[in-house]
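Here it is, the structure, as structure tokens.
Chain lettering (A, B, C and D) follows the sequence in which the chains are written, and residue indices restart at 1 in each chain.
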Amino acid sequence: MSDDKDEVKKHTIEIPEITRVEGHSAVQIEIANGKVQNVMLDVFEGTRFFEKIVLGHNYEEIPHITSRVCAICSTGHVLAAAFAIEKIFGIECDELTTIFRRVMHLGMFIESHSTHIYALALPDFVGATDLLDFASRFKDEFSNWTQLRNLGTQIQSVIGGRPFHPVNLHVGGLSSIPGKDKLASLITQLEAARPLALDTCQLLMRFKPPIERTSEPVFMALIPVDGKYGYFGNKILSSHGFMADVSEYKQYLNEKAVWYSHAKRSSIEGASLFVGAMARLYLFNDILKGEASNIYTSSPLAKGDHNSIWNNLAQSIEIVQAIDECIELLRVLLERYQDAKAVNKSNLKMKPGAAVGAVECPRGTLYHFYELNNEGQIVAADMVTPSAQNTARIEMDIKETVEQFADYESADLQKSLETLVRAYDPCNTCATHMVSVSYT
Amino acid sequence: MQTTGKVYAPVKVSDLSYSFKAVETHSDIAFEALRTILPPKKFFFPQEETIVMCDGDQISEVVEVPTPFVVFGVHPCDLAGLLALDKIFLSAPLDSHYQRRRRAAVIVGLSCLPDKHCFCRSMGTDTPNKGYDLFLTDLGEEFYVQIKSQAGLEVIQACSTFVQSVNNDDNDSYKDFWSERDKLFERTFDSSKLPNLMDMGWNDPVWDQLAERCLSCGNCTPVCPTCYCFDMVDVAMFNTQKMEAKRDRVWDSCQFSGFAAVAGGENFRPGPIDRLKFWYRHKLHGFDDAIEIPSCVGCGRCTVSCPAGIDDLPGVVLTLLQKTNMKDAVQ
Amino acid sequence: MKSDGTLPKIAVHGLTGCAGELLVILENLGTVLPYVQVASFPFAQSKNDIKDVDIAFVEGSVSQEHDIEVLNKIRSHSKWLVAVGNCAVHGCVQSSTCAKFTPQEMVESVYGKDSAIKALEAKPLSSYVEVDVSLSGCPIDKNQFLAVLASLLKDHLPYIIERPVCLECKMRENGCVLIEKNLPCLGPVTAAGCGALCPSFDAACYGCFGPCKDPQLDAMTLILQEKGYNLSDVLVRLGTFGIPEAVLSNLDVRR
Amino acid sequence: MIDFNATKCGASPFLPQKCMIRAITKLAQDNYLFEVQLDNKEMFANCKAGQFFQVYVPGSGEAPISISALSRKNCLEFCVRKIGRVTSALFQTKPGDWIGLRGPYGNGFPIERMEGKNIIMVAGGLGVAPLRSLWHSILDDRAKFGKIVLIYGMKHSQDLLFRNEFRQLIQRHDMEVFVAAEEINGPSIAALDFQIGRVTDLLNLAHFDQEYVAALCGPPVMYRFVVDELKKRGLHDQNIFLSLERHMKCGMGKCGHCSIGGHFACLEGPVFSLAQLNFMKEVVECHGPSL
């Protein structure tokens, strides 16, 4: 499409609907005189206003409602909400409850990462036209996905009641303790699936990124609470050495607005925020253990190659980490099974107040903020999803990619762009804030 | 007993509830269980079962031949409940699906002491006289065993080391047990008055009061030992193994709004009040003249499983008896 | 297989929702692929053809102009239109609030006063087009989904029962959490299909499958109030997962 | 060990018989006549006017459908209105396809008690379907019965079923036939005297007295008015027969859906005399004291 009103030659590339990302989005790029002027990642997922929806609801309902922001990260939303409300009440769950939550959360990682890698991204890498083509031509890989994904859904079903939108996770803890035999069978399944996870890493390591990265992003993630690689925490750390309590998220996400938010004109010093698997590995690879650590060391990531495409590889390393940690945690649960206790509602002392809960989700840090009144009803709420934080970086990446191509009409460019966007897996269903960055 | 087959007995499943479940050892059994959530009917008329299968060109019956099994700890009311179900499923045309399971079962009855919700005595279902293979009366240290069938005898022979023949003392303590038990019933009435009562009290305001609270949740019916209503559900399937569809029989409840609706929009029991009255009448009036046994066996399950607390059958009966001046029936 | 030897075509689309049904369908694609041709599934494949399909599954509520356009297009190109999930059938959590705030209020509260975003009141598909089959659930039950698809492949309407969760709960022999634990269980007014999941985990049903047929909301409200829950919490809870305003407004306490 | 399988259990009463559809005729919009071949001689021999079958469409389900006629060559005719799930599936079948049949169920009309008597039949809408099997039985043995009145009412004239058959019936001199519609539109039917109005209006035209036996089939509202009228004319409660429609899933007194008070409509009915119904609390409740 060209626009002749301007003196300069303008060129617009439109990719109407990027398929195979978890949501709907389109990219619009305006080019004038060989320079990219605007990149607009337009999210046309209908907005759902969760911040407003939850108002007036009793705190007990909040995890169930926010879970509906996104099926894929539903466990993350449930936990972020529960963390925030528990902070308001000034309570902390007992150790075993936290372990159950961790296992559940890792189950989500296994499911989400494997689905993203195999069903959404890999078909690009191997040149399959789509998942169905992929399924028929790459039977083994397809079955890897089925098995890994089943593992993740199994874990979440045993602990949470179903593969997503869990029913067993509540403010304060679990409503019922899963059967011992079921927990034991999870260990067997985890052990059986472990080799597949290792294969996945090897598989992804062999691909060559189709596009080169030019600028370094700023990585940011939660600092794991207990010093082990993990996803629960109360403070964030950036690759620039910035550190803050999550309760200040409003300030720091805004403060850095120059490089985080409005990516329209230019990214200051070429750096924009990048959250997710790659960020976590960049920041905390030193506390990885076992096989996951070994794989990281041998990967391009360890050599400082931060091409966004490697996000998928980072995810596969996290799957290995998740499997090993799950096995370890489940063993603890089995050993101390009789100490496990379901939440007793009458012991929950409701208090008014406000707090922020945060958790690392597959795509990055998720923040939930709530304020409760005396009745335990929500009077204010805010959520910031990982995808929202990554959008600026995606636009930036698109810009850099386009500039690497001479021929804007080329089909390759369109394909590369789609591949690139998919590598981030911008989960637009959860993009409660994303729309604000997509207009010029 | 395990020589006969799998043994099912009451097991504790929550703070207040018990359920018939497969047991391995004596210690799994909750002997104290008064009423299980579901009555033993589930073993013969399961919650869901596939009755008919269909492939492209054949329809066939699903024949499940159950291996012999034992249901242990069936109280007198539940024995009566099974006899009531027999009247439905074993009357012509005979329901072979039910019959097969009924044949495979050895029923071991067990005595019990009533709580405030029990009213089997008023319904005449408190004494076990048939429907069991063995009946155990708990005499404290030992059980008094009554043998009703060959199957029961064989179970006893299999564990002959624990069994002694009955002496006079035993007979006395047996009698004592049952007469002591009889004294424990808190609320009793004369059930022969029930059909009249339901007719006379048909327009009583008590129904409006109850119906206002009725959730139409249907909890009262699956838990009832004599409720047998079901729906037939067709499930289409992909042609794997040439199976196109199956017909499942699934428990249904007269308390659901579409239960009596027919084509053309007519619903014979549109409101909770219509359905609730229907149910009460059905339980207390019996199967009319069609089958001459009560269709309520006084187990009290509906009373304890109604979230709205409106299925206090003896309570409603007593209220109506007062109102309709049939006080003499209150004993 | 159709008479011309081709497989029937299906399409899977998402409007405004959480992708839950898309995920359920994606995860069961292995089972259905031998029997259908997937003409369109933007979530899972790149080449998508909205042209005439036999069965279209649509997830999500209608919450913006773009949704209406897509929905109309799907409707005009499909023989059977199946609304999958609570969003598509009842409007789910996003529709519950629209009764309290206007769409513009919501946009402003989240995106600021001069936002260019246009939002519509979230509504189920049936508010805009004719829906042939409604399969609720949040998310839908995979067995129900497979049965619906198998029925429609025979051109038969599926049998979807809208009895209360309590029936499944009792069939699974759970102790009633409303009675035993005083939890605010919505099982009596919620459609079954999940297998009484929450009560099986000792938790209260929060109504995610939407209302059962002819829900007795007055009695439910009365009983929860007697258990000590305050009326406003009860009403909010009843409306959370898309009990239609028309049904809710029949409530005595609301009138 | 006891051999629990010593006595074999019979076949499931839920198992339908496979039957071939011989012909499908459109009678009116959404009303088709299905001619189905029933090879099972025993089943066929048992069939009586007013009884019904559970018709099974593979993969979709069963619906109770009345026998509308017993045609020669072991065929049954079912007149079906497309109203929901199963009936729609049935409408998709073609001649040559097979469906399943279980039955016959129910008591049927008490033809023995009608012998030697004058008979008035009142059909409303689709209620004509089961009554048709009754007049067939009567006309087959015409000499055994007295005078015959047949009244048939419907909403719209284009809902008229069995149009050709009525044309012939009207020409018979051994019976009185009245047809009415509340609304008449579309082409009029030659030799068919359509009245405007309801069945109750036709009752006023018909000649009958308390000596008649009445057979009714139609929607519940119709019963209320027709029964009133019949009683005004002095018909005895024992001589008024109504075929009741109830939700039915099994047809053999087990599923409980058709229960009226303590009675099973599928076993004791669907045809009941008014005298019986007077003692069935629930019917009285639903249809008002006149029933």
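Assume contacts are C-beta pairs under 8 Å (C-beta built on N, C-alpha and C of every residue); 3 or more make two chains touch, one makes a residue touch a chain.
Here the structure is a predicted model, which means the values were calculated and not measured.
Colleague: Based on mean C-alpha positions, I'd like to know which chain lies farthest from chain B.
Modeller: A
Colleague: If you average the CA atoms of chain B and of chain D, how far apart do the two points sit, in angstrom?
Modeller: Each chain reduced to its C-alpha mean, chain B and chain D end up 37 Å apart.
Colleague: What whole-number Å value describes the gap between the mean CA coordinates of chain A and chain B?
Modeller: From the centre of chain A to the centre of chain B is 52 Å.
Colleague: Just the number, please: Cα centre separation of chain C and chain D in whole Å.
Modeller: Whole-Å distance between the two chain centres: 40.
Colleague: Could you please state the distance in Å, as a whole number, between where the Cα atoms of chain A are centred and where those of chain C are centred?
Modeller: 25
Colleague: If a residue has to touch 2 or more other chains to count, which residues of chain A qualify?
Modeller: Within chain A, no residue touches at least two other chains.
Colleague: If you look at chain C, which of its residues touch at least two other chains?
Modeller: Correct list: 151, 154, 156, 158-159, 202.
Colleague: Two or more other chains in contact with one residue: find those residues in chain B.
Modeller: 231, 234, 236, 244-245, 252, 258
Colleague: Show me, using the given definition of touch, all chain pairs that touch one another.
Modeller: According to the stated criterion, the contacting chain pairs are A-C, B-C, B-D, C-D.
Colleague: Would you pull the chain B residues touching chain C in the complex into a rising list?
Modeller: Residues in contact with chain C: 13-17, 19, 36-38, 42, 47-48, 212-219, 222-223, 231, 233-239, 244-245, 251-253, 256-258, 272, 304-305, 307-308.
Colleague: Report the residues of chain C in contact with chain A in the complex, numbered from low to high.
Modeller: Touching chain A from chain C are residues 14-20, 22-23, 26-27, 29-30, 33, 38, 41-48, 60-64, 66-67, 92-94, 96-97, 100-101, 105-107, 109-112, 115-117, 119, 122, 138-139, 181, 183, 194, 197-198, 200-203, 206, 208, 230, 232-233, 236-237, 240.
Colleague: Using the touch definition from the top, list the residues of chain C that touch chain B in their complex.
Modeller: Within the complex, chain C contacts chain B at residues 31-32, 34-35, 146-147, 150-151, 153-154, 156, 158-159, 161, 163-164, 166-167, 170-171, 173-176, 178-180, 185, 187-189, 202, 213-214, 216, 218-220, 222-223.
Colleague: Quick one: which bits of chain B touch chain D in the complex? Just the residue numbers, please.
Modeller: Touching chain D: residues 3-4, 51-52, 54, 57-61, 63, 65, 68, 88-89, 91, 93-97, 99-100, 103-104, 150-151, 154, 199, 202, 228-232, 234, 236, 244-245, 247, 249, 252, 254, 258-264, 266, 268, 274, 278, 281-282, 285-290 of chain B.
Colleague: In the complex formed with chain C, which residues of chain D make contact?
Modeller: For chain D paired with chain C, touching residues are 57, 59-61, 84-85, 88-89, 92.
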